[in-house]
Amino acid sequence: MYRKLLWCLLLTAAAACSKDDAPAKPEEPGGDGNTVKTGVYRVVNLAADTTATSGGNAVSLYYSLEENKVIPESQRQTGNWDIVFYGIYNSSVYPNNGAALGSPGYGGPGRAVISVVVNRKFDAQYYDTLQYKPLQLPIDRNLFATAFESVKTVEEDKFPFITRDIGLDHFQSGFDGWGHYDFYGLLFPGDPKKSHVVYTMPRVMVIKTHKGHYAKLMMENIYKDNPANPTRDNKPGFITFRYAIQMDGSKNLDIQ
Amino acid sequence: MQLYLRQFAAALFILAFAACTKTETIDPAPEAQNRIITYSIVNVQGDPISGAVNDRDSSITIYIPFYRQLVVLEPEITVPEGATVTPVSGTLIEDLLDVFRNGRDIKYTVTAKDGSKRTYTLRIVVQQPDLVLDELSTATDIAEFTIDTRLAYDAIHIKLTGSGFMEENELMKMVLVDETGRELSPIGLSTTNVGNIHLIIGSITKFTDPQEPVLQELKTGLYKIKVYSYGKNATTKFPVKINKL
Amino acid sequence: MKPSVIEFTAHEEQRGSIQPLKRQIERIKPGVKEYKAFGNEQRGSIKFPGILWVLLIFFTACSKDKDAAPTTDTFSTTVKDLEGDTGASMGDGVDGREKRPFHSLLYQFSTGRTRFIKTKDDSLQYLKNTDWDIAFTREYNSYVVINNGTIAGTPGFGGPGTGRMIIMEKPYDQVNEAPADESFTTNGVPGVGWDNGNGYGWYFYSLNNHICVPVKNRTFILKTATGKFAKLALLNIYKGNPPVVTDLFWPAPYLSFKFFVQEDGSRNLKTN
């Protein structure tokens, strides 16, 4: 009986004491706090994560816009990355969203979302807006800079965020994308080296990172060394892109 | 009268006991300063998965449901003020499939303010239905497959019914086990039936060079089929015969 | 077998609680994630190599899901082996085929009438009407689109068609009713083709084993060119709708599909 009393006291004491003995705050999970400042960043020739262990899978490129660095695939179910260049030749840009079935981030905590800004009037300078293909290639590089700068804010009503990918423009789908896949080489008839080539278009994607910051991103090239006029001889899987991220929590994307 | 007296005596006794006895307060044993207070898995949608911390045997048990399809875990650990834990809170447990298949020693050492240490061992318990493989062969009737590498293109398809397969091929692995018990390289899984938890189809293909690893390792002989499905695995009781021409 | 709800009680020595498991009903969503570069694949191009499209191993699961009851559908029409543009190919050097874009193939549900659009004249003459409901277009006639006059980039653009399509993750026999009009507007797609994993398509294509695999248990709810409600299941692109293909040059595209049109104009799509 005495022992029972002792246990009772212990438990009561434990219950009482746990209030005073507050546990230490958990140390910050994940990143080492190396987030970038608000600004514009350019990533050139982003290649596969060479430490990947599963050789059979696609070479997916997981990227943290917050820290401007590659994240290993082993961390795909964490909040450490914001976008991934995924799928056949990395043509799908998925945001890190753990609730999206079919997304590489599925099952994880990710809350990122993505959208693509489409301005048909601007597009008409280089693009047939009814047939959804470029009028001529290569597309004037000045248009890329103009398009990027012209996105100054997040227009969520006009371009609602989605959790699926932004991919090849109107390729077997009705969706606007970031790049045109010239399957037959129709834009360069008679030149066999120009079929099955992906040309990036001056389209800007807007991303809300996992941590909730807004960024704009534009693909420049998927071929090594960013050739102006790619052909089948160029090596894909080396992504060049630029992005601007706003770290003050606002939707202001007018960043120099 | 006796009863009344008895009750009165009892009441007096109780009062006396309560009033006159010196109450000795026994201090509870001080809480260990080198303990883990909470352990949760936070890289999930919605509520974190709470682990059960057991101070008696210094263990932490977490229950991972298969349908979350987790392949990495991010633990958040709280310890008493002034204490530290190694590995630190947030250190990822990567490649969960490898943990399930090959085991891994995962321990956490808490160092209290006063320097005393305690080490906890992590137990991961996967909650998933049983993995059951329907046999392709019987004791007397061995199923046979042939792949002819002299052809430009040939393939064999190993179609296993059963239950407990995963909806995502990435969470599974199918291998041949030779007569010495050695596992060959994994067999490619068909995407035809992705989503079907009662069927899995593996294909060994001869096509272009270089040939895939399992085909290079393959010799004519008897093989059992082993399937790894998330946290479980199962092997067919009877082998199949594979002829490699 | 679905996970059951399991409850754990904390013992007195164990601090922290084990939450009761919530049963999660998941849409069965196949995700194709393997795109291994295959052997000596050419550098520098994204391609669906012509030869490899033709040489296929096509493998279906058992034709009957263990749990599915046999259907008594006398309403639906099943079309088998509708020949697509078998004169075209996507790569060089395929016997009897030309490397050129595939001619679109139009189909009308009520009559079963088909038409190829081969020339510019054909486009001008035969597209802007309501005589067709779906078209099998683009590579291997695999991009299936509806007839809608307002959707640029589709064959019916500029015409009177009011077709629409939404994707439903349900087996054909379990689709009993078309949803409200808002669904067709907010969730509508002009057509479906290759599903790259994001759920918007009717087949997967994996570079790992070069299989063109129809997505199971997915149905397309349509509005026909004249606005009637219909449901459609896209079954196969290979001749004979085979369970196994071993011949290197298995013929394609030969489209097999199943559909039902509710002629009375209502939303009722029940067929069994």
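Quick notes on this structure:
By written order: A, B and C. Residues from 1 in each chain.
Definition applied: a contact is a pair of C-beta atoms (placed from the backbone, for glycine too) under 8 Å apart; a residue touches a chain by one contact, two chains touch by 3 or more.
Because the structure is a prediction, the values reported are computed rather than measured.
With respect to chain B, maximal separation of chain centres occurs for C (centres as means of Cα atoms). More inter-chain C-beta contacts link the pair A-C than the other of A-B and A-C. When every chain is reduced to the mean of its C-alpha atoms, the one closest to the centre of the whole protein set is A. Between chain B and chain C, the centres computed from C-alpha atoms are 37 Å apart. Between the Cα centres of chain A and chain B there is a gap of 31 Å. The centroid of the Cα atoms in chain A and the matching centroid in chain C are 27 Å apart. Counting partner chains per residue, chain A shows two or more touched chains at residues 56-57, 106. Residue positions 37-38, 68, 170 of chain B are each in touch with at least two other chains.
Touching two or more other chains at once are residues 26, 29, 31, 33-34, 208 of chain C.
Those residues of chain C whose C-beta lies close enough to touch chain A in the complex are 12, 26-27, 29, 31, 33-36, 42-47, 90, 92, 99-101, 138-139, 142-143, 151-154, 157, 189-194, 196-201, 207-208. Interface of chain B with chain A (complex): residues 26-29, 31, 37-38, 42-45, 68-72, 74, 76-83, 88-90, 92, 94-95, 170, 186.
On chain A, the positions that touch chain C within their shared complex are 11, 56-58, 86-89, 91-92, 101-104, 106, 129-132, 164-165, 167, 170-175, 181, 183-184, 186, 192, 195-198, 223, 231-236.
Taken in their complex, chain A has these residues touching chain B: 6, 9-10, 13-14, 17-18, 21-30, 53, 56-57, 74-79, 98-99, 106-109.
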